[in-house]
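Here the chain labels run A, B, C and D in written order, and each chain numbers its own residues starting at 1.
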Amino acid sequence: MDSNTLGDIFRVQSFGESHGPYIGCVIDGIPANITIDIEAMQAAVNSRKTNTAKHASARNETDTIEIISGVFENKTLGSPLCILIKNTDAQSKDYDNIKTAFRPNHADYTTAIKYGIRDHRGGGRSSIRITAAMVAAGALALQIIAQYSKLSITSFVSAIGAIGVENKQQYFNCTQAAINKTILRCPNENTSMAIQKKIDAAFENKDTLGGCITTVIQNIEAGIGSPIFKKLQAQLAQAMLSINTVKGFEYGDGFEAAQQYGSHHNDIFVQENNVVKTTTNHSGGIQGGISNGMPIYFTTAFKPISSIGKMQQTINEKGDNIAIEISGRHDVCAVPRAIPIVNAYTAIVLLNEILKNKIIK
Amino acid sequence: MDSNTLGDIFRVQSFGESHGPYIGCVIDGIPANITIDIEAMQAAVNSRKTNTAKHASARNETDTIEIISGVFENKTLGSPLCILIKNTDAQSKDYDNIKTAFRPNHADYTTAIKYGIRDHRGGGRSSIRITAAMVAAGALALQIIAQYSKLSITSFVSAIGAIGVENKQQYFNCTQAAINKTILRCPNENTSMAIQKKIDAAFENKDTLGGCITTVIQNIEAGIGSPIFKKLQAQLAQAMLSINTVKGFEYGDGFEAAQQYGSHHNDIFVQENNVVKTTTNHSGGIQGGISNGMPIYFTTAFKPISSIGKMQQTINEKGDNIAIEISGRHDVCAVPRAIPIVNAYTAIVLLNEILKNKIIK
Amino acid sequence: MDSNTLGDIFRVQSFGESHGPYIGCVIDGIPANITIDIEAMQAAVNSRKTNTAKHASARNETDTIEIISGVFENKTLGSPLCILIKNTDAQSKDYDNIKTAFRPNHADYTTAIKYGIRDHRGGGRSSIRITAAMVAAGALALQIIAQYSKLSITSFVSAIGAIGVENKQQYFNCTQAAINKTILRCPNENTSMAIQKKIDAAFENKDTLGGCITTVIQNIEAGIGSPIFKKLQAQLAQAMLSINTVKGFEYGDGFEAAQQYGSHHNDIFVQENNVVKTTTNHSGGIQGGISNGMPIYFTTAFKPISSIGKMQQTINEKGDNIAIEISGRHDVCAVPRAIPIVNAYTAIVLLNEILKNKIIK
Amino acid sequence: MDSNTLGDIFRVQSFGESHGPYIGCVIDGIPANITIDIEAMQAAVNSRKTNTAKHASARNETDTIEIISGVFENKTLGSPLCILIKNTDAQSKDYDNIKTAFRPNHADYTTAIKYGIRDHRGGGRSSIRITAAMVAAGALALQIIAQYSKLSITSFVSAIGAIGVENKQQYFNCTQAAINKTILRCPNENTSMAIQKKIDAAFENKDTLGGCITTVIQNIEAGIGSPIFKKLQAQLAQAMLSINTVKGFEYGDGFEAAQQYGSHHNDIFVQENNVVKTTTNHSGGIQGGISNGMPIYFTTAFKPISSIGKMQQTINEKGDNIAIEISGRHDVCAVPRAIPIVNAYTAIVLLNEILKNKIIK
């Protein structure tokens, strides 16, 4: 029913298919009278575009956002804000040869089983393309957050394939602007160069690569998040696992924490100059689902994308065992391009919780 | 607003504090006319009780469930079913000495900041105790699932501290009954013995241990789950990350998938004897948020619990830097006892999605 | 799914059946740290009890409310507050003779058709009895409203059968306390006496009577309510029409407004001493779903209750045409007793909207 | 938060302002694989257009609907369906002279107070114009209902000003097509002629008129609707009261029922030829919030619209007492044009409940 909506107070309802006339979203629950920066929204959308990276999909969309409601003289009205993005470069005939085929690890088969119908062109509703409008919504969320909080959200590529940066904490103070200037949105130059070689090789092999994105929320005040089933980490996990290709989520010391002793993992509270902090931050800045004022950090794992150039066995709608070659325009490694999506969803989750706090206390 | 509720069609509203008169939940959206097995619900609740494991909390609750609405002559009425569990063994004075202290890595501090008030006794609302009623709800969910599906949910301890079972897949066909008979709900005997030693040592050191639980959903039909923001994995991740002490979630090959090539990770569809399956199952049985008919498996990482016996530094409500010793009744390693919770939340998520399918198609 | 819940920010989940062990509700979305007055809640519940009026149902419930969660040292924790009321005087055997009969204008038949099962004892879930816990929730809502607003809610009986008070506006400044002291919660003594005679006669005839309740919200600030589908009047109408036996709702000039000219109906804004008001109040204090600062008033129409003592024709579960006599304990006219329910639901609707305003602006 | 959404399973999220680039809606929760009839949707939208009636607003919108998502080869995908309608004839300068004025009985003042900002052009979000997209959604709902039910929804004008049809029941079997062919969507010719004279006179006087619409749901199966707070009548009331200018709602005998005895009002069940029906239908076909299989009927009261041509006193944003003349394009009596809106909202409410039934039993 509401599987297309992210958030409950600040709610973003997504719509659109990859090769339909438009993709878009309707954002409801926006506080009124806030001046919005459409250029910043457009810049966020641009930063996830397909054509900026080497060996990336050749689909060339302008991705121009159009706001068709909810704004008057550049200010929010408190009414729903609808964002449209036109699909201008869809080449649906690229998909004719796989119209009845179920591509391995794609949503083709499961969509057909669940709904009894699917739009095969470009993956239809399951395409990552629909996140473009969500990124605009996330950028708006970030602008609204700035009315209430000094928090910042920064993400960087911490690994591609088996090559990862060491000691991630050293990059926690990098700005997103600085990270975006690097070739792979990875803050370590040597790692980046090694990764680029691996991507080049995968490209030659008609193969694809996954990786990890680490996200840091700095300067977040204590008290953000909700107990029990809407713990901040639970909402972040849900948001991250809703991004195509994501296979895992961990926050704080994450899976490593499962190997630690309590006496090691516990972060000791101290008060200095009237500021409460912890001497370590194994927990990742959250207790009981609520921020404690320390930086929040989490890592999201992305599998390699499924559309590989190599010939693959699979089945078609009739159940025949067939072989296919996927000829659409696809990335070798989409992980760097996922950063704007990760940041957008994080912003939406955070704003939702910030707004809830206005009621509770 | 709804942070105490799990599910949206089959909705479980949790309530209660650790040392209040009762904990409980109200379950709404239950199909009518289904015969329920209260003993099976009680058995599930018993299986997460505090006093069954070595070095476990000495709190001795009978945890008897009482169903006070929604059932007539042992059948569901389609009206809300309220479950009560009386708190009979709360020893609130155990908490007097930490009434104003913020225990490290507990929700004490964040709750106080968020709400400006907290029930310090036994952790109040943030206590794991409140999951007892949720386990009963999960057992009910499982009974209702059986009306529509042959799926089974099985979880086992796959690691405690740094000691883990190898090749988890070999245990995917174990039954929960068999696993529950082992001392630590870990299917490998040698691993279990090594773990038990580690737990004994931690007990001596007044320390605590975390670990991992691996969950397998067998015989699930294709088509369960929703696209975009309610992907099955996203809902499972949210549910798991809402359990106290959970730091990470991965499904299918999980974090390892981020290191694989697409050509390795992709699972090839084949049809044999009119059954669609994949030759491998790296993806963990889900594409585009929807089950493909193969087993679904995921692993949840638990940090060591925060209540260690050792003296710790922290602060109190006034902001003084103080030292505390936690004298309540606590586990050394609660991971085995978390299995009924993991299974309950998994059942609630699955039933919710199974019911949604009745509308969509 | 959520048909048992009133409100979305301040949410009251009702549960319980007339002859089950308890009725109750769980209230979520309560702001934290508010001192509650349980005696005032109990007083509200008492004011809707069955045994206070002449010719009222003889069911004698103590209706003692028990708060089992969400409160610590008399203050709200921000966690769900569960209220229980024990059913102590249920006489289920009174219903044995109509176990398989569908009483005319009762929910027996429709419940059986919809769910395929029903608890026939005392009407089960469809009994007005379940509103007792909702009245407690409404009294709590009123206490929380007092933190933010000076508004008051007052209701009085404006008609029973064909006998009504004239010029309702003259009673808009009555207090609920004063109204509750009158025999029929009707502010006009002559009307009351005429009504009482009519009720006495109906009692003799084993018949029942309906009537109207008029509600006034005084001192409400401008800006309460939401546009489009959650207009204040729409939410009030939904709440009122959810009370058993209600057949109609009108606000402001209501059905009479349909007969007026725009030039008559329009209320002229004036500003005097920095206060905005309207010179008339045909609109009932709401425009575009949002309060304008003038008193809000509405009238709710109740049909006579269905349980009459007279022999009636009907059918049973097998479809036989049969005759029944209803022997349970029932009111002749329940309208005065509905006032606490009307006020409770009004308070819940208003608080919900007041809390929403904290987010929007 | 969700004040712009109607329905919870079949959910219609409205967006847009009267003079923005588009109005529209996003419909989620649509069953998959249903062939849709866009022409029927367009026809419904056309039937509420401004320029078909005498003395109606001169705003001339083509109101062409554009479906930009959720449909593939004319079938629903189960994904959100977004409908756009371009605003092509907005004349915003008509509103320049009242930019800072609060028109009597309009939402200008309350919107400004609530949000601190408003789009004054054409009433912005509070314009009835936004219902055009909702009418398209309602027409879609009706098409989906036809998959599951034989029910029909018919509405007619039962009164304008003080002139009403007598014995409404005689028109319950009229078709909407027949009613739409009459000049005022009123089934009685003499009444229509009398009404038309009254409207002509009001036009001369620069005045406006309200009226009543009666709606009949025929051939609805028993079992539609939900108990307690989502009673069918409660949802219909909420939907009707959310239409601009509506002041009252009654179903079955409505306000008249408050004057009846129980022995008169009760409808007797009989079974004939294996069909259950009632010998009378005072209740309006609903018990306990659930349909009993008899026709459902209700009447909605509309006040005269607020935009009258006469000079009126009011205040402006600075609080000055001023006089205004409203020069925009407005109707004398919009009641006949409200019929498509009433029918659309009724269809959305009914479909929502029909879909819920697929889960419950």
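The criterion applied here is as follows: contacts are C-beta pairs under 8 Å (C-beta built on N, C-alpha and C of every residue); 3 or more make two chains touch, one makes a residue touch a chain.
None of the values given here were measured: they were computed from a predicted structure.
**Q** Common contacts of chain B and chain C?
**A** The common neighbours are A, D.
**Q** Select, from B-D and C-D, the pair of chains that is joined by more C-beta pairs in contact.
**A** C-D
**Q** What chain is the most remote from chain A, judged by the mean position of CA atoms in each chain?
**A** Between chain A and the rest, the longest centre separation is with C.
**Q** Based only on mean CA positions, could you tell me how far chain B sits from chain D in angstrom?
**A** 47
**Q** Mind checking the centre-to-centre distance between chain A and chain D? Centres are C-alpha means, answer in whole Å.
**A** Those two chain centres are 40 Å apart.
**Q** With centres defined as the mean C-alpha position, give me the chain C-chain D separation in Å.
**A** About 26 Å, centre to centre.
**Q** For chain A, which residues are shared contacts with two or more other chains?
**A** 1-2, 4-5, 8-9, 14, 29, 32-33, 78-79, 114-116, 125, 227, 356, 359-361
**Q** Spell out the residues on chain C that touch chain A in their complex, using ranges where they run on.
**A** 9, 29, 31-33, 78-79, 227, 355-356, 358-361
**Q** Taking the touch rule as given, give the residues of chain B at its contact with chain C in the complex, in rising order.
**A** 1-2, 4-5, 8-9, 11, 13-17, 20-24, 26, 28-29, 32-33, 66, 68-70, 72, 75-82, 84, 114-119, 124-125
**Q** In the complex of these two chains, what residues of chain B are touching chain A?
**A** Those in contact with chain A are residues 1-6, 8-9, 14, 102, 104-111, 113-116, 125-126, 130, 159, 161-162, 202, 205, 207-212, 222-223, 225-231, 233-242, 244, 246-255, 257-263, 265-271, 274, 276, 278, 282-284, 286-293, 301-308, 310, 312-315, 319-321, 356-357, 359-361.
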